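Going in written order, the chains are labelled A, B, C and D, and every chain counts its residues from 1.
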Amino acid sequence: MTTKIRRLAATLSLSTGIAALCAPAMAQDLGEPVPQLQIAYYAADMGPMYEQSARVLSEEWAKLGLSFQMQPVQFSSFISNIMVGGGLEDMAVFTVGADPDRVDPTYWLHDLGACGARRNGAKWCDEAYTEMVKKQRELVKQDERLQLVHEAQKYFHDVAPWWPATNTVYGILWNSDKWDNVTSPAPVAAHEGLVDPWLSAKPKTDDRILDWAHYEDVTTYNPMAEEGAVGWVRFIFDTFAKNNSKGETVPWAAAAWEFTDPQTVKVTLREGMKFHDGEAVTADDAVFTINTVVELQPPAMSSRIANLAGAEKVDDLTFNVKLKAPDASFITTVLTYLFILPEHHWANYDGDKVARDVVADGAVIGSGPFKFKSWRVNETHELETFAEHFHAAEYDGVRRLALGQADAIRSAMLSGTGDIASMVLPVAAMSDLAAQNDHLDFLEIPSHGSMLVWLNNQKAPFTDPAFRKALRVATAKQRAAIEGWLGFAVPAGEGPVPVQLGMWHNSELPEVPFDVDAARKILEDAGYGWDGQGRLHFPKK
Amino acid sequence: MAPARTRSPALARDLARLDERLSAKPAAHLKVNGLSIGYSTLRGRFHAVEDVSFEVRAGTNLGLVGESGCGKSTVVKALMGLLPEFTGISGEALLDGQNILGLSDAQLEPIRWNRISLITQSAMNSLDPVYCIGDQICEAILAHEKVGKAVAWARAEEMFALVGLPAERLYEFPHQFSGGMRQRAVIAMALALNAGMLLADEPTTALDPIMQSQIMSRIRGIHEHMRRSMILVTHDIAVVAETCEAVVVMYAGKVAESGPTADVLERPLHPYTMGLQNAFPRLPVRGQPRQPLISIPGTVPNLLLPPSGCRFASRCPFATDLCRTTAPQLHTVGAQSAACHYTERADEFRAAAARPETWRNMRVGA
Amino acid sequence: MRAYILRRLAQSVLVVWAVTTIMFFMFRVMPADPTAILLERGLTDEARQALLEQWGLTGSMWDQYLAYLGNLIQGDFGSSFFYRKPVWEVLWPLIVNTLWIAIPGLLLGAAIGAAIGTAVGWARRGGKLERSGIFLATVIRGVPNFVIGIALLTIFSSTLGWFPGFGMGDPGATTGFARYFTLDFLHHLALPLIAVIIYFMPENLLLMRSGVVENRTEDYIELVRAKGVPQRRVAWHAARNSMLPLITWLFPALAETIAGIVVIEIVFSWPGVGRELVLAVTRQDYPLAQAAFFLLAVMIVLANLAADLVYGKLDPRVVYK
Amino acid sequence: MTQVPDQGAIRGRSLFSSARDSFRLLMEDNFAVVGVAILAIFVLLAIIGPWLAPYEPFKAMMTETGRLNRLSPPNATHLLGTTAFGNDVLSQFLHGFRVALIVGLVAALAVGFISTVFGVLSGYFGGYVDDVLMRLTDIALSIPTLPFAIVAVALLGPSIENIILVITILFWRNGARIIRSAVLTERERIYVKWARAAGASHFHIIMRHILPNIVRIVFLWVTMSVAFAILTEASLSFLGLGDPTVVSWGQMLNTAFSSGNLRTAWWWVVPPSLALVLLVSSLYLIGRAYEEQTNPRLRRR
């Protein structure tokens, strides 16, 4: 395939090459040729979109006189070697998911871009920028923070160490003969939501159990250890707050919260909540939970609780959360994530609480809108509606079917066994099914999940801002969205923060339209040139 | 493990009835007329057996003699209906007047073993290795007689006693038997239904000489005891002399000579018979010098391209041009008949054939 | 006999140890990182270290290996990284599910294959039955098992709608052991079972046919024919003797086929060991994948041992030394 | 058997002539002729297929309105329709021939070579070498193939070279055993002993006596290995462990499977399935004929 792209590049550059021959730039005016560049992307086990997108993007970049080596990398190796391990060779085209904690700009600005940040795989380091993005996190006054966030985006956009290409569109497919009011959890992917569409759905028939045609199993019902099916476990264990589809953080188990100082948040619980075993939920339970996770530091929770210092009770419904450092993102990312364990089921447990097998112990007890009913490994999970919950569903229960593959999910949706599907089945297939079948409806969820173009900012030619900008201008976002993602992605906006984050995104950044000729012009102006074969050469030293 | 001693009265009664029924079977009469057997192969069609006729009178033994590859066993297989289905068979074989050639397996079912049974050539391979001997004998009995397994087993014990094997060895598997014992087991099996006609296809070939004579004397003993008809296929002319009333000598798929054993051995008409006699050690006849062993030089001709004349011509020390061009007819001399152009010169040939030089000096393959 | 079995058992233990060792080191040199998913979600360095320690992934490879072997000898397969509980608890119900399609599928496949194979082997050489039998069996043998699955699903589930298209039971059906005896379960079982049968049958058929063809010209078959027993009985003798080589092939093939059922489980979304093994590999869940692999290796070794013993039962000539 | 064999018997046969004999015998089997004919067509398509392909296999087809031409049933411009990703099925299908044949042939040659070397060394020299090699195959035979391939490919990374490597590692063991037992029989033959007595070198005996006589078994095994290799590659690709940079039939099916179109887009599913079945079946037909050759008891009389 490498050769194929090279060949393509050669034929394409033939025409431009002839022009280049006539151009004044002669071979002796040029420096070394730009070497072949490696593009890493998620291997096909993550779906064919990455492969397809990387191919489309590199096709356009090849028109700048570059050649590429396609390097599929398995997801886990990609994360540990490239994203965290600093092993990026030249370029990478990959996505970051629409996780709920990423509705806060800190992830995009700081985690992916600051000096020394663990996920700064593009290896760009700028002290001034790092200062800015660290500072914004500490500004608990929203308007101050917003201004700094916008400023940082401007700075980043001018330097262009990396840029997004597309934003992913997710989808929900559901049986509209049987269910009503299935709502969109945008910008978060549907599998992480809770209110939308799950709790809002209303049954139209006597079948009052919502069957979710899902891909894989839940690993454990111990919320301190679960990391894949976080949203599912939050069906059982209430969080303090929720993010809604408008991007706001709204009360859930907590009725209210406020920063009493930059490192203290006072939280007031909702009145009258009960655990599934009938005991009342009190501030003691919340304080116990927070102090337990701070003490145990469960690895699965580490990213969210790193800044937690502890909690103390104020009265039966009120407690203070102490932070290690001021953190404005605490509300959007931690309050919406932390759960409440019943102290009476956990305080006297002597074993390793993080590793506790709660199913075997009969301790899957929370205060959430659903009660645990059964689990058949790699087959089904069944939860019952907890009628006493303040936001109880209007149906009797929810089942998660671990079907393992798109084809079975499709079959389940067609046969009526599945009521709702939200992943694995490609969005395009969902949309097709809804168009072809009267009983199925489809909902698009534009998300903040982004496909990013990463460059190794410590290596030539990417150390040259002109080269980076030329590549950015030649990034075929539209093609990637249509051909790579089958139209179920949208060309990304400018800057590191996705448009889907609403107010956090700086909409005043200058737009960079796709234009290969303009890109060539940028390179030419910076002293780059092309040889007889149309191959790009560095400027002469 | 000694059921013979513990037979219940009912079993004993049933067994007695079965024995009675079987021993009432008469010996069979077999007449074979113009039997020809041909195969078609990739390289053409050939006749393994051509125009063979003979008769076995009820209660007598017929010896079928010849070198290996001359079609003896093929005749036996044809009579049992065991030749492959694509074999071309013509002629008839009348068993008590009924033609048994060309019948289907289903039609043969009531005839096989019931009226005509077989002692096979190599007992080594002719017993199913995964069943015990008793089961294999019982299988034959149960296929033809409506008796219980116990009765069949008891009958098998009787047969084993007849061939001199202890009854408890019925429980053993073929590989636990020695060659001679296996051969006796096969004989016991062949006798199980007291068929009127017994085909013994080289029953002793695979055995050592001592065992050979033991088995043969047992066959003779049984024959005298039960008075069945029998065709004994062998290449050992001495065995025929001791056992059979009549003999058919075959060469290259054709009958060379036939007649009463005494006549044929005393006064062979065909040079092949003479050669055959020379090739086997004989007990010295009183008053005559000890005969040297002389083998017939050369080999049986390729039947795919049979010689146009007498098939024995290439190995015959007395062959003439006539022999090499024209196939001889059967000439009858008394009770004997022989396929030789020069039956009238038989006396002269016999004298010459007794001298080793006669055979040694001929040009083989001329 | 006992000495023989003991010696074979000792050999088997050695082989299993070798396979286990190979697998252990294969997983350890994998460049992939089992903590990757957590890393992507922002796992801190300390937490990662704690996790690696908890999973027994720190220390030298040699120490890890010794610890693993030590635990294995005590019957402890370790804990699944993914499920956070003992591997055995995860695998046990899945093994039962796999056996439900494997054992009946293989037995039926072998029996049907052997029966048809005998008929084809006994048929006239060069005749219609023989030729079409061989041809069809050879062609069916060439159908990859996932194509069998796809075809069955497309025809009988999607088009005709006779059978459900996935899984082991309707959601909300009977739970517990009783579920295996419900109509719903049998309904779901049908297609994957048929797929296993079709997948497994042709080789049995061809082997049996070869055996019968080889045996039908043997002298003892001639003698059985001469005895005037019914033709079916004669064919049985040939079949009975052809079973011997079939058995030596069948048992190892059985284990191998259980391994091949992986694909069928995935196509039919059958919650079995095979599907879990593939998932465990993609999730870098070493303990689970290693345990599943270990079980398969043990199965193959035991199957070989069983083949030896059954062979001895079927063939009186065999003497164990 | 007391005759002294003539010079020819000591000299033995050339590998080439016995291979030719074996092929001639093969062509006497009708089924094998069918297999060879299908195989020949496949080889031809593998050579010219990529040129016949009307489009680049991964090129996205657009409709006039600028939308992706997804899942279009067969029509005049796309004879076999398009995939869910707007790729031309015919073009992908045609590229698949080369991949299948390359995987099959390279893997089979490697397997054939290794199993022959091991089998011959083990069978011919026996003793210590034999013991060690046979214990090795004992272990190798206890490794379940597909699961091992899944793990190994996940470990090495999904590329066509690695898949071929894994297939070679997996299948040499059976071949080595079969060839070893054939060599054991050949070694005891009278003409080998005579050749030895006449002072022939081990190399000469192996090349002129042993190999020419086991060449059918080697052919049988190589033929079967081609089939196994193609099936294994297809299974791995179907499970999503194939090389993402090439188009193989297993991969096409995997894409159809993972995009949930397996049971509806027949124009996308049927061609690769059918091609796999035809190819593997034709190899089995040839293999069966070799089997009858190597086993005289199966030959028709």
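The working rule: a contact is a pair of C-beta atoms (placed from the backbone, for glycine too) under 8 Å apart; a residue touches a chain by one contact, two chains touch by 3 or more.
For clarity, every value in this text was computed on a predicted model and none was experimentally measured.
Each chain gets a centre from its C-alpha atoms; the one nearest the centre of all protein C-alpha atoms is C.
Inter-chain centre distance (chain A to chain C, centres taken as mean C-alpha positions): 40 Å. In whole angstrom, the spacing between the mean C-alpha positions of chain A and chain B is 92. One simple way to say how far apart two chains are is to compare their mean CA positions; for chain B and chain D this gives 53 Å. One inter-chain figure worth recording: chain C and chain D are separated by 23 Å, centre to centre, where each centre is the mean of the chain's CA atoms. Residue positions of chain B touching 2 or more other chains: none. Residue positions 154, 257, 262-263, 301 of chain D are each in touch with at least two other chains.
Within chain A, the positions touching two or more other chains are listed as 45, 74, 405, 407, 411. A list of each chain pair in contact follows: A-C, A-D, B-C, C-D. Residue ranges of chain D in contact with chain A, taken from their complex: 56, 58, 60, 66-68, 70-71, 84-86, 154, 157-158, 240-242, 244-246, 251, 254-255, 257-263. Residues 31, 138-139, 141-148, 150-152, 154-155, 227, 231, 234-235, 238-239, 253, 257, 262-264, 266, 269, 273, 276-285, 288, 291, 295, 297-298, 300-301 of chain D are the ones that touch chain C when the two sit in their complex. Interface of chain A with chain C (complex): residues 45, 74-81, 83-84, 96-97, 99, 101, 111, 118-119, 209, 211, 216-217, 219-220, 222, 225, 227-228, 297-300, 302-304, 306, 355, 357, 374, 376-380, 382, 399, 401-405, 407-408, 411-412, 414-415, 417. Those residues of chain C lying in contact with chain B across their complex are 124, 218-231, 233, 237, 240-241, 244, 314-317. Only residues 1-2, 4, 43-45, 47-48, 51-52, 55-56, 70, 72, 74, 405-407, 409-411, 425-426, 428-429, 432, 479, 482-483, 486-487 of chain A touch chain D when the two sit together in their complex.
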